[in-house]
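Order as written gives the chain letters A, B, C, D and E; numbering starts at 1 within each chain.
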């Protein structure tokens, strides 16, 4: 559970809500047609930009951000060092029977067990990582695109409201409320973009980057196992992927 | 038929139209001179930026997005693995008689049959891909350029209207409607850019990227056929180009 | 003669002019001091940014866009294939007497005739291309810079007008016209930037890119002549630089 | 102590404060709910974008900017040349007993003393540097992200205030003060972004770049020690990392 | 003396001043507190972003733009070809006694005379160039950063003025003049950014790029001298660094 995202969304929404309630009734801030134009327009353009599959897929990916936990690089390093020790003693074949948690590490080890050459394994795994990054990037782009579209449709809605108001100014008393309603779409667009779409887009980018780093770490580790590198040296090398204070004590000379 | 693009355009337009109808008559939102300034100005600058050939070409390319379907990478992989099996049994020459759906794959196979060296084939095919990407990029840029120009001409139209209104303020009752008309061009520009030009530009970019990925896949496959790589190994390797869940069952260890 | 640029500029200007005439007299849209601030300010900053030589040079380059025609890549390929055939039969030296239209191709062939090594020729020609691209880029930047400066000086002019108007509001009847004049500079800046400077900047970039592509094609061709590549194979290779439908029939297998 | 940052923040704040005091009471510029929306919203989205760990971490990193001093490249060069001289006379092993101030240099020397191969040391140290840069980049992004969010939440707050004001315009006398309050959030957002978040983000980027340069210098130096390069030649080479006037006299031929 | 920069600054300022004088007194455009907020705020953030040393240094560098002249690439080429001729006849050692104007060329020749290996010389000189570019880039960034900050502090000043005005609207006659003063900071910020900071930032980038090109030219030339390349061939090669019409007649075949 990604607590920070939940806290951010809830606290951000409460602050905006509180600021609205302080100034009077919530009712004047709710206007269904305005919601339809901003939300509907934003999703419509996401469909044009990416296609239905990508939009639905990205929503799932974004949901995952709330629920799933990322692999812990320290644990992955321990797992690799462990496998390296086993391979050193009992040969590569034995690794097939080891339980491996990380699915990418499992796949990489399977390639080793299958007896592929080190170069082939390195090429396949690196291609896998770069193509995965490309795929994840679509999710990020879907949300970034919606973060661009929401304020634009907010402005379009406000312009529609302004034109309607300006074309019928017979009753001066209605000008204020009409303009208030016209401004609502701009507000919706700004809130959706800045509290939801753009931050989630950034989070997906960060997650993808972290996952890529762990996979690069796994590739280095598996290639080390194939070359029969000393597990102690390998650990020292793999720990450069960690921030200094997360490194194992033995490394803190 | 790219359903998502059609749905996005139709739903987006209906939402804006609905929002207009709710507030009164559609008539006040239609102003032919305003349409001419925004649409005409946008197309004029596209002519200056790119030349007539590129603008007309891009429109055709954009139309294609609605009509044509992209090659399915899974099918392409099957086709390549199939050809690899045939080449293994009966030699490269036999491939000439095979029916090949994808035109780029067909061309690549023809180079093999013609007996060119692997290096020459790789160089020609890679150059072909990178130059195709460059050409497609012009289409994307034409729509991105129009997406930049439309709001700018919308603003120019509004400024013209505002200057006219401000210079003749003798009749206070006409100020509102005059300003309503002045704002129309800004609205037209914003709708055109955000519902049509920019999303289509992004779609073209995405399509070009997908096509490039399939072509890179084909190059890897054809080089594998030339080197006589085991078709099973090749399939495993080519499937790294697919998202995990689209891979064949045999790969899901 | 680049017809598209001329049509774009003329039609774009006529549309804006028409839109102005429809709303009344043209007179209220002309204000010499406003023109001076926007045009003068834009040119002044171009001088600071680039220096007089570059600004004058870029204007000449931009004028060239209207007048000169670009080399046709199909013709250049034919010329190279032709030279390759001659070199095959009669040796490199004979090429000296061949009339060669494209000046870059002529220069490249002269290096061959002079007996320089292939590596030296490749290095000099590639450096020539990359340095030419760098030089052309200055022209693009001059117009892009003026496209940035024009709206900025438009806004500065409007701010000056607004401050003057707001400081002397004794006569309410003069507020409208004063503000109309203040807005003119913003309008001038927007028109100049979006109809003239930015599109021309993009056109120069496109031209430079096309020229670079032809020169890369020439380098490949000349190196092929030096290596004695089969002219038919060379043609097939060079035609990857063309969009598929412009390729010679023989290539459309 | 990074005096420039402190001076910049204090003088910038005093100028804004002075400008407020000149125009009357400070009271009208303080509005707690507005502060909550802008500051709270900005921090909330930082949580969504990055996660709590990264936000807290970045604040610590930013605090460090005020307090800690960076390694002086001239001193580091002296230290390296010193070590090179010692290693030349007494061998690499003796370096273990040398006191070394810079922690990265110490680590690099330890690798040498441990007898690792030059290639391994170069790979580990370069990976360490590139991964450190990636980690520092998160700090920069957190502040850049808050610099983007603050004006956005300022605008959202102002839109909320405007809607409330426009919906209840019964008392004309309250319009001015209501709008003043509505504008406060925009002002808070602009000040926070432009005086605090964006400049600190830039400072972190600059610091990271300087640190990277020193570490690249250390890597070159340590590799030189391993290869037994002449300390005089090494000094000359390492001083290219310094601006000309900071180089030692011996280099100023 | 960089005349273009001086002309640009003077003419640009005069145009703005003229536009102000035409509309009435200059007095209403001068407001010391507004100047302090914009100029002071901009410099304060420059201190936070870069540190005092960099800000002062950049100002000196910018002053240099007005005063110093750049090396002329044609002269540098002549100097190099000259040195190549001397080295061919009398050996490298003699070059030590030659007067050399360009300091970078002098340094490079000194490395040759000292008997360093070609690879070492190439590495040191290239590192010197890339590190010089990095250092110059700080100067460009300081001005670009001030170009970003000035309009932001202009807006902050205007917001302060608007809030003060709106909070005290008892006297309708004072609204106009108050708003005029509020707008002044926005105007100051726009003028400073667009007439001074951003153009100077671009000029520094251009200068740095030109200097880099000359230094790359010098590196090629010095390496050629070391390899004993024919001075005629070297001249032809180095002249690719010049625009075609600045090349020596001998090259215009």
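Assume a residue touches a chain if its C-beta (ideal position, glycine included) is under 8 Å from a C-beta of that chain, and two chains touch if they have at least 3 such contacts.
Treat the numbers as computed from the prediction; the structure is a model and nothing was measured.
Student: If you walk from chain to touching chain, how few steps can bring you from chain B to chain C?
Tutor: The fewest touching-chain steps linking chain B to chain C number 1.
Student: Using the average of all C-alpha atoms in each chain as its centre, how far is it in Å between chain B and chain E?
Tutor: 40
Student: Could you please state the distance in Å, as a whole number, between where the Cα atoms of chain C are centred and where those of chain E are centred?
Tutor: Using C-alpha averages as centres, the distance is 25 Å.
Student: Could you list the positions in chain A whose residues touch two or more of the other chains?
Tutor: Residue numbers touching two or more other chains: none in chain A.
Student: If we trace the ring from chain D over to chain E and keep going, which chains do we hit, in order?
Tutor: D, E, C, B, A
Student: Tell me, which parts of chain C touch chain B in their complex?
Tutor: Touching chain B from chain C are residues 2-5, 7-9, 11-12, 15-16, 18-20, 22-24, 28-29, 176-177, 179-180, 183-184, 186-187, 190-191, 193-195, 198-200, 202-203, 206, 209, 213, 233, 236-237, 240-241, 243, 253.
Student: Going by the contact rule at the top, pick out the chain B residues touching chain C in the complex.
Tutor: 33-34, 36-37, 40-41, 44-53, 55, 107, 110, 116, 120, 123-124, 127-128, 131, 134-135, 138, 141, 145, 148-149, 152-153, 155-157, 159-169
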